[in-house]
Every structure is written in structure tokens, then in C-alpha cells.
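Labels A, B and C are assigned to the chains in the order they are written; within every chain, residues are numbered from 1.
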Amino acid sequence: MVNSLMKIKGLTKWYIPKGKNKNKIIKAVDGIDLSINKGEVLGIIGESGCGKSTFGRMLVALEKPTAGSIKFEGVPINQILKENQLHFKKNCQMIFQDPFDTFDPRNNIQRILTTPLKIHNIGSSHKERIDMIIEIMEETGIKPAKDFIHRYPHELSGGQLQRISIIRSMLLNPKLIIADEPVSMLDVSVRADIINILLNLIKKHGTSMIFISHDIATTGYVSDKIAIMYLGKIVEIGSTDDIIKNAQHPYTKVLISNCASIDPFEKRNRIKVKGEPPTPVGTGPGCYFYERCYRGNDRCKESYPEMMDLGNGHYASCFNI
Amino acid sequence: MALLEIQNLNITYKTDKKEIRAVKDFSLNIDTKDSIGIVGESGSGKSTLAMGILKLLPKGTTKTTGKILFDGVDLLELTEEEFRKLRWKDISVVFQKSMNSLSPVHKIGFQMKDIYRVHEPDARDEEVRKRILELFRFVNLSDRVYNLYPHELSGGMMQRVSIALSLIYYPKLLILDEATTALDVVTQGQILDEIMKLEEALDLTRIMITHDISVVASSCKKVVVMYGGCLLESGYVYDVLVNPKHPYTQGLLNSFPDFIGEKKDLRGIPGSIPDLSLEYKSCIFTNRCKKAKSICFEKIPKIKTFPNEWNVACHLLGGFDGE
Amino acid sequence: MKDIFTKISSNKELKIGVIFLIMLILIAVFAPHIANYDPYVLNDDIIAKPSSKYIFGTDGLGRDVFSMVIYGSRTSLKIGVLAAAISSVIGTLIGGIAGYIGGTVDKIISEIINMFLMLPTFFLILIVVAIYGGSLKNIIIVIGLTSWTGTARLMRAQAMSLRERTFIKSAITIGESNKEILFKHIIPNGIFPIIADSTMAVSSAILSEAGLSFIGIGDPNVVSWGKIIAHGRGYLTNGWWICTFGGIAIIFTVLAFYLIGEGINNLLNPKSSRLN
């Protein structure tokens, strides 16, 4: 495939506790196969503890996978990292959840934004770099930029900081952005603007994005494709429309039915599940969702269901479809 | 009759240099068996309001004026000793991190029994146990939780324990301050369902403080929208959240993506929350308001009442303050 | 700048410590103008009581104790500050690297730190001084090289907690190198407790030097407070003033640095000061 930007195969991250509890392996990410195309926005939805953040961190080489491979433009990232680490970092950027902690509190905005340019040799002089950051700051609504560049992170609001974070990533003109819950710590009224800025910028530059979130509504708004994660595995993946209107996996259905709407007339029937969200310890061999599933049978207990092709790029891993 | 009547409540935090007016001229009536959601962003004063009702604000650094009438008694006039008799028995609360308030070295049943005996020192063991197990059933917990330690429970179960604990005396008023925020969607949905059932069973009046409009939309009868310490709009959810009158409420609703139905464009509200240490002589929302007219910069809007207990504080509605 | 000043004056320990320190520095700088005798000159009066002629009296060889104490401040400050500087730099680097890189590097460095912790430092200093001689330079270097473990452990803990912060992760993702991250983010952000620790290290270095001089292996060519006391030990019964004024000088200095260190600590963690 010419279009594919990043191909992930069998990506796994296990944390093996030291000492006595050797059996209690924490399977944070447990064999993920994914592919993201150029210019595409892929949403990853999962509850807290499903391993979605660990997954994102592996994609930008902040964590080393236990097993599996990530290929970026056809080349394994281990090889890219060895040969030209800066090239990889320039092309794979991350936006973090906590804007208040994303920047060194001792650096001012000018330094924060010119540092990546300097590292990657973008812009020929200090002055040119400053002109570049001022231009993009004004474009994203941080006006007047000249007033802001001498401020420190603690003098800015969460929304402004997250804008700076987006700007810093986009200054490098990356091919892929991993956004890990980029708006979950912001106030509702500023979330929409941040999301729009992010979407506009990536559309303009043709950047792909992996949008990691627990919020179905926001992810649905942002993404072309959505993958649902449960205990380190992807249980369903498909186009946004397919996932939201035609979900097949019981877990996806539960998630969507429990997602409250802002419309008080819309009373959805919440699908009840048994038990509590489990931890990714000692899972398997059957379907990980079996214990809470409302339609499980004996077969689900015995082996983990393979991904089923439902057509149109829609896959789900459940025996009962 | 109103169970809780808040009249012109002002709460100010005092620091060395600044005075932060966290709640300003706030008035609200809450009837028995109402379920009312107070929505606001960070800095809107919604949590301060809850703490004020519960008299949990630090005495030295805050100033509270106005009236909070609970069953006709002004809570602000009560001494600490008198209020203690009401707290938990008639007014109880669940916080976002209530689960952290349980001791890790005692079993849950034991701790709940202890708490019950604060106001009912003579209760028999068997009787208390029965009451606790009944509450567990209300919040969908199994009996075996009684003999577990806090660390053996997940976050969702702990929050259910906290809710059960808050209901232990069958209070008249329950305040939930972001009580379901930290939980995942599925657990949150279930707990909201359980809470609504409880209300029917226990004749509970509930105040739900949250930043998440969808929680209010799906679980409350009425809604109050707060911003910068002021009440901007209040009324039934079917009115306010469907045809909001205040520009801020409109903006807030536009900021929420709704994934079912058509994909509408998301629009945020430009600007950021107001600095509450300054004194405002105009509408608190004016400098972020798209519809602001000159009057909005000059005067603080009075609250106008529309049919169906719908209150809105905006100059742009129904003429200009009767001028 | 004004901010720093108000912060210092709001903290009692720091205020007193800084005032003490300024006095000390002034004394050391203007020693020749304050002292009324040459501390090396042997006067005719031996073991003279404190009087208007000899403010602190004279010692067993007829040297003026007041002048010796004044000149001794130069030695003590030099040793204290330089030794503490050496140990802080070493400790910060080693601790920073161990804490930030982690893994095997951390394991090895931690073992080395533990080894140094187990060593009886004072005896190590004794041995080194015995072999290489007790010049001022040697003493400074050896105190510096043996007392970095505390700083290293502190910096390691700082680096380990900073390593997990988002801004370090984000620095990695934009492509900053490990060296840049260590020197530009980890150390500057973790340095404050180290500064507090270093000021306390100054006082312990001064004490170490006093101890060395006391047992007679300090630098024989300079006046130091330890040597005054060592000398005065022989005259405790008939010349109490010799030991006493030397001792007071040491206590004063150690206290100054201790107060500054404690003050900085309290400024950084307002909580712990309230608990105390």
C-alpha cells in the first residue's frame, strides 16, 4: 500500500513485576495490529487502564515494546531510530494530556518554541525562527504573539498552553501526530477551539493523527476511523460512522449506550454490564470481555476471538456477530 | 415549600493581597425531591457553593454573607455544634475523591457502622448491619463488600460505597460534587441510573455539581448554569438545555460534540475565564460574549424570570431592565 | 530581585543565617584591617588573659588569639565553600545521570554510592592526608571527593521524579538529546534542594577541617580555627580563652550555613516547616 504511513503489527507491552509475583504480568498492550494512512485521523477509544496511553507512547518511542513491530513509511522504527533519530522525532510528534506540565517551567514561550526549530535546523537565524513562531501563534489565536513569547508557562491558561503544545509539534511539520487526551484537562468551552485548531492544522499540512481519548463524542467528531480498545487489545475498528451507528462488538455497544447526551429528551437505554472494569493482569485465555459481557457463551471462555471482517474496513473480534 | 433557599449568597476568599469573589449574589430555591444540576467550568464557583452550603470553608480566609435557609433554618447562623447535628444526618455529600476518606486498615462494614453511631450511639449491631446491607443493594454492591478493605475495591465500587455512606441516615439533601467524574463512562452511567432510582425510593433532594452537561441532561430535572461565581441561567433541563436563552449556555452547548445525529460544527467560546479578584461592574461574561451590546459593558444584568421557573441573567432578553 | 529579598526577609532562619554570613565574609575580606596583630608573630606576652591589649588574649606561643580567629575565617570559608562546591558538582552530576538514565547505569552508580556511604569518610581523609600531606589544597580536594554521596542521592531522587514528568517526555519527543535534557531540564529543575544541601555541606566541611587540624594534621602553614583549638587544648586549665574563642568562631560559622540551608529548605517545602 502506497498510502500507508505507519503499520503496527503485534505490538505488545508487558510489565513483568520483579520478585515473587512473576505470574502477575501486566499486559498493558497485548498484540495490536493497526495501520494508519496518510492524512487520516484515527481515534482510539478506551477506558482508563486499557493501555491506550502506553500504546501511544510506544508509537513515539517513549517506551520500548516488549514484542511486535512498528513500521514507519515501510521502515521499522528501530532502524530509523538507530540511523537517524532526529528524522523520526521530527516526523512523529506527540501532544500530551496535561498542558500545565508539558513545558519546562523555567523556559519562556519563545525558548519553548524555538528549541525544536534549533534542534532540527529549521530556519537560518534566530530572528527568522522568532518570526516563524509569531506567525503560527497568531494563526492559532494567541494574539498578540509578541506579548506572549516572553511569558512563562505558569502565566498562561490551560487552553493557551495546549495551543502552544500543538504549535510546537506542528512547527516541525510532522507526518504523524499522536494526541493523547489533548482536551480532557481543559474546560469545556475551550475544548472545541483546541480541537478545531488541531484539525485545521493537520488538514492544512496533510498530517495524520492518532487521537487517543476516553470520550466517544469528541473522538467521533475528530476521527475518520475509530478503534475501540479493551484491556490492551483492539476489539473493534471501523469508520466512525460504522462504529457509532453500527457497532458490532458488545463492548462497543455498552460504551456507546452509556455515553450520556447533552440532549435531555434523548434517554438512551443503558446496557448494563456485570462487574467492574478489570485490570490487565492474568487475562485470557478466553475473550477478555467475557466476564462482563451480556451475551457470552462457553466458546468465549475458551479462546480469544479472531478479528472478523465485516466489510468496508470494519472489523470486530467477537464470536457472536 | 423550598427545602433549601439560598438568598444573595456571597463567598469571598481573602489572601494577603487579593480578595477573590468566588460566589456572587447567588440566589436559588431548591424544592423537596428536586434534582438539580449545577454546571460550570473551573473557577465558576460551583464547588465553593457546595462547600459554603456544607459550611466546610476555612473560617479565617473566607467571608460568607447572605442566607442559606435549610428547612427554614439559616445555616449560616448556626454554630458549629448545631450544624454538626445536621451534617450527614440531613445534608450529606459525596466528593470526587470521597473514597480516599476511608481508613485503609479497617473493613468497610466496620467503618460504616462507626459512622452510623456518630448520631445513633445506641443502635444495635444487627440493626446497623441490616441498614448498611440495604444501602449496598440500592447502589448495586454485593453483601460481601461489608467485609472487605478499601484497597480491595475498584474506583467505581469505592464511589458506590461513598454514596451508600452518604445515605446512611437517609438525608434530605444529598450533594454530589463531581462524584462520578473520575469514573469511566460505563460505571458512571450505571451509578447515575442507581442514583435516580434511589431518589424515588428515599425521597431524596439532590444537588449535582459537575462540569459535564451530559451528566445533568441525563440525570437531573433542573439545571443551574454558573460562570465566574454568578448564576447566569437556571430552569428545567428540558427548557434550558434545549433552547438556552443565555449566550453562555448556548456557547457551552455548542462546545459539546454530540455524536448521534448530524455532525454539527463545534464552536468554543473564545477567551478565558475571568479574573475573580477584580471587581466587575458589568455582566461577568461580556468580554467573551459574541452578542454583547454597549449596555452589557455598563451594568450588571438583573435576573429575569420567564414562565416555568426559568431565570436568566442577560441584558439582551426582554427589554433593558425595565428602562 | 525584589522578590528574592522579600522571601529571604520573610524567613527567620534564612535572615539570621544570611546576616551571619555577610558578617563572616566582611571579616574574612577585611581581616588585615580588623586584626590588630599579625597572627603569625610571636608576642612577648604568653598566655595573656583577654584584655584591652589582646582582646581574646594570647596563646602558648604569644600569638594574638583575636587576630588568629579573624584570619582563621579565611581558611575556614575557603575550605568550606570550595569543598562543598566540589562535592555538589560531583554529586549533582553523578546523581543526575543515575536518576535520569536509570536502568543498569543507575544500578552501578547506586552501588558505588553505597560503597562510599559505608566508607568511614573521616579515616579516609586521614589516610589521604597522611600519604599526600596536609596542604590546604589536598584537604579541600579530599573533603570534596569524599562527601558527595548525600548530594548524589538527593539529586538521583530528584532526577527520578522529574524523569516521569510530562515536560521531560515532551523534550524527548521533540528530539532533545539526553545531554541537553540532563543539563537544561533535569538539573536546573532539581537543583534547589541541592543548594540547601550544599550550604549544609559547607558547615560539615568546616567541621571536618577543624577535626583534622585538631588532631594535628591540618595544613601547618595557615591559621585555622581547628588549629587554634588543638593548640589551646594544652592550655585548657590556665588559658581557657584560646579554645573558647576558636570554638565560638566555628559554631558561629557552622550555624550560619546551617541556618541558610534550613531556611532554603523551608522556603522550598513550606509544608515540612509547618510540621516541624
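Just so we're on the same page, contacts are C-beta pairs under 8 Å (C-beta built on N, C-alpha and C of every residue); 3 or more make two chains touch, one makes a residue touch a chain.
Because the structure is predicted, anything quoted here is derived from the model rather than measured.
Centrality by C-alpha centroid: the chain sitting nearest the overall protein C-alpha mean is A.
The interface with the largest number of contacting C-beta pairs joins chains A-B. With centres set at the average Cα position, the gap from chain A to chain C is 50 Å. If you average the CA atoms of chain A and of chain B, the two centres end up 32 Å from each other. If you average the Cα atoms of chain B and of chain C, the two centres end up 56 Å apart. Those residues of chain C that touch chain A in the shared complex are 165-167, 169-176, 184-185, 188-189. Those residues of chain A that touch chain C in the shared complex are 57, 60, 62, 85-86, 89-90, 92-94, 96-98, 101-106, 115-116, 119-120, 165, 168-169, 172.
Residues 41-42, 154, 156-157, 184-190, 192-193, 211-215, 217-219, 237-238, 241-242, 251-260, 263, 266-270, 272-273 of chain B are the ones touching chain A in the complex. Chain A makes touch with chain B in their complex at residues 47-48, 141, 157, 159-160, 187-196, 214, 216-218, 220-221, 244-245, 254-255, 257-268, 270, 272-273, 276-277.
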